[in-house]
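Quick notes on the structure that follows.
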Amino acid sequence: MKALLDRVMTALRGDAQADRVVPPTGHTATLTLFSAAVMTFLAVFALALSLATGRLADRWSSELARTSTLRISAPAEQMEAQTRAALRVLETTQGVASARALSVEEQRALLAPWFGPDVPVETLPIPQLVEIVEDGTGYDAAGLRLRLQAEVPGAVLDDHTRWRRPLVTAASRLRLLGLVSILLIGTAMAAMITLAAQASLAANTQVIAVLRLVGARDSYITRAFVRRFTLRALSGAAVGMVLGVLAILILPPAQEEGGFLTGLGFQGWHWLWPLILPPLAGMVAFWATRTAARRRLAEIP
Amino acid sequence: MKALLDRVMTALRGDAQADRVVPPTGHTATLTLFSAAVMTFLAVFALALSLATGRLADRWSSELARTSTLRISAPAEQMEAQTRAALRVLETTQGVASARALSVEEQRALLAPWFGPDVPVETLPIPQLVEIVEDGTGYDAAGLRLRLQAEVPGAVLDDHTRWRRPLVTAASRLRLLGLVSILLIGTAMAAMITLAAQASLAANTQVIAVLRLVGARDSYITRAFVRRFTLRALSGAAVGMVLGVLAILILPPAQEEGGFLTGLGFQGWHWLWPLILPPLAGMVAFWATRTAARRRLAEIP
Amino acid sequence: MIELENVAYNYGGGDLLSDVTLKLAPGSFHFLTGPSGAGKTTFLKLCYGALVPTAGQASLFGQDVRGMDRDAVALARRRIGVVHQDCTFLDHLPIAENVALPLVVSGRDALKEQANLKDLLAWVGLSSRAQARPPELSGGERQRAALARAIIMSPDVILADEPTGNVDWEMSQRLLTLLVELNRMGKTVLVATHDLSLIRAAKTHVQARVLRIAQRRVQLAGADL
Amino acid sequence: MIELENVAYNYGGGDLLSDVTLKLAPGSFHFLTGPSGAGKTTFLKLCYGALVPTAGQASLFGQDVRGMDRDAVALARRRIGVVHQDCTFLDHLPIAENVALPLVVSGRDALKEQANLKDLLAWVGLSSRAQARPPELSGGERQRAALARAIIMSPDVILADEPTGNVDWEMSQRLLTLLVELNRMGKTVLVATHDLSLIRAAKTHVQARVLRIAQRRVQLAGADL
């Protein structure tokens, strides 16, 4: 990587006179610039999407607090025994990280939305709630229900919180999609720059023939082309990057109140991510042009 | 549109001999084919994303059933009066489509997750719940709270259901993003095909000069180039479309249990959507090449 | 056929040609000489509508060049066979197809003229190279192919720019014979060349007028040629 | 300098040249003639390493061409000035820079040679066209520029393929004088041409050997030239 960068820099320095031997303008030039710009623009979006969905997945999973609830309804005198039995069962259940009975205060807080803050929880015949925290793998709800039925007849397992699970999956899938798009876009950009370089080399057969005729070394010819293309890809990518970032900046931000979806923008040091795209494009161009030039020069007798 | 298609078809029919005057291969050819393929591939994804998020937004909004809840805690004897007062207030609140007090059975069903199915709701000092259905615009929660405070002191407005709202916004934004990407990708494809056509025309200056020298009309020259490029873009786009659809087919399907996120795939007749992409690419190519060729021919004396 | 009246031309700088008045009558044979850079190629380009006079009037087959659109020029070109000084071809097509190209673009059936094409290639000595691509030909072979392409349509006018610059003496005589033959059939021929011995040789076969470009004018050369 | 020993060459078909043995000694002056398509250009390409013999051995400055990599060929080319038959240039650069190109690619300071460049352009009559791009030149002007480019480095060997095919007699004498002058300075010169009068004219100035390609062989031409 370091060595490659060094070589890229050496190639870019070049010398002003060598530079003039390759026709400066032309449509393949515009094409390279444009492809690099468009692809980087799209890559910025894919990157933003990928990062945003990553944040989303993180937030959703932490919000989820993979919990479910066990509700134990029993006559007051059996309540404590059944609760302990239930906790024992849960302790030995695979996929359950921890389980604990809720205190009176906690139950009151939970019920507040329904009864207001002053529910006389003590005096109500309400069930004891047990909070179950799952570990990463999750437990087998059906199996747990069977065991509880046998040992704690008054227990009802409620994993209604599970409905949020697909959200996290969805977010991860989106993140994956973003990464896959970046890869795709990167590959497409590399291919396009290669093709544009090849097209330019093919269009400049006469230039190559003349340079060879007057005694130019192949490395000199290669360098002239590589320099052109690397610079073009670099500037194209820089333009695309700036435009992409601007476009993301002017996108309406996500409603903060909701906080459910994070904006598509970058956050914090993530703003640095797009910066690596132009050098990446430059390196791709450097490598692609050099390969193309060398092959072309080997083809021409 | 019809006229354009007709012209495209006429141009494509061409004649075999006229066809040979434009060099059949070359790097700009590959470039055109490849750009069309890549861009269509990306467009298929963007299309799928857009359609999927569209479905998502629809599903989420219908699931949302824009409701909130009013909880009235009051001594049993005032309960009915306060409920009626609250309903009166709500009827005159802008943004509230309807409001109704929940029946005992409904309240029991709501509490079931907490107390099990046999709660003696009648005997419990639980509040009366009023379901508020908003209209499209929604109401001003703060204003409503003020009015209720004045007239129904025991009422607590709980619009906790609002938390799902951002989901719908998010889905719409994703859909918009998908559409914007399609537009962007389309524009980029058009631009790339134009540039590739220009590059090819520039590389074939000699071909044009020779054809003119031997008395070929400009329309003949234009047609030969246009035909090549339209066919190339068409086949490139077809390849990209098929690959894109295949890629979407092999994506793991969304978990159906969740049903929260629909898969990225197309559903029903939406499968027809990608089919319009290649003809679209062909038309873009036709138009782009013709413009480029005419301009080029006008430039060359 | 082709008439120039008080024509002047410049490429942006000073006039290269000025006050040129000339009529290429049907069936006439002209040579055009002059030092390198005098404007011979420029003159020919004026004659087939590739350049438009900066002053004066040029007309092809009775039509003023200035008033012709591109289609009209294209149609006029089908009646004028041109041998360019730097012979360019469609490099991806074999020589035979390149020579037949004027037939193809004017919509004539190249297959019907197959025999004609064969004879022509044989006369210019390219029978064995008919399937080669232009870049595989030698300089002289390219020039001969260009001449063959210019006359395949048996055009009314033949304008040849240094058609023998790269061929040996015998071959140049052969090519000259071909042009003389065509002239006898009534075609108008104009050959730009710096090769005075070619002109001298031609004068024994045909009554040719020799034009010379000097001091921006096209003049009739003296009897010293 | 350049030696060919039993060299044969073919472009895939039958042998075009065979059994060619020749030594271009330092300071010698050669002409090469032969009918169009005989293989003059092919022979020159063998002499500067653009083609590798299909049989036999070619050596440039003592190195066998077969054993030279591309860099070695490039270095050898800097000692050989070549005038191609179809003079190609970098069309985006003015003629002056095109002529100076060999200096640039070999890393020499083109500015230092400015006076030399000016003289050379004046001699070939291109002073006024120095800033024009190659496509704006006439055929003969391009040939002169190509000759100027071939000799700007004052190479040890000069190989010119039809350097006077498109120029008038006076100019061709001028160009010949230039080559003779260089030969007097000790350079090796080989000129391929079909123009026998040029050869005859040269023989009065310089002791030149005339080679002729006939029946796939390169032979010394008789005294009839």
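Think of it as A, B, C and D in the order they're written, each chain with its own count starting at 1.
FYI, a residue touches a chain if its C-beta (ideal position, glycine included) is under 8 Å from a C-beta of that chain, and two chains touch if they have at least 3 such contacts.
To keep track of the chains, here are their UniProt names: A, B = Cell division protein FtsX; C, D = Cell division protein FtsE.
For clarity, every value in this text was computed on a predicted model and none was experimentally measured.
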- Query: Which chains make contact with chain B and with chain C at once?
  - Reply: none
- Message: As a test of understanding: of all chains, whose mean C-alpha position lies farthest from that of chain D?
- Response: B
- Cα centroid separation, chain C vs chain D, in Å, comes to 29
- Task: Give, as an integer number of Å, the spacing between the C-alpha centres of chain C and chain A.
- Result: 67
- When the C-alpha atoms of chain A and chain B are each averaged to a single point, how far apart are the two points in Å? 21
- Overall pattern in which the protein chains touch one another (line/ring/star/complete/other): ring
- Note on the structure: So the complete set of touching chain pairs is A-B, A-D, B-C, C-D
- In their shared complex, chain C is touched by residues of chain B numbered 17-18, 20-21, 23-24, 206-207, 209-220, 297, 301
- So, in the complex, the side of chain C touching chain D is made of residues 11, 33-37, 40-41, 85-86, 125, 129, 136, 138-141, 144, 161-162, 165-171, 194, 196-197
- Message: Please output the residues of chain D touching chain A within their complex, sorted ascending.
- Response: 50-51, 70-71, 74-78, 82, 84, 88-93, 97, 101-102, 104-106, 110, 149
- Per the touch rule, the chain A residues reaching chain B in their complex are 26-28, 30-31, 34-35, 38, 41-42, 45, 49, 71, 73, 110-111, 113-116, 120, 124-127, 129, 156, 158, 160, 163, 165-167, 169-170, 173, 177, 181, 184-185, 188, 191-192, 195-196, 198-199, 201-203, 254-255, 257-261, 264
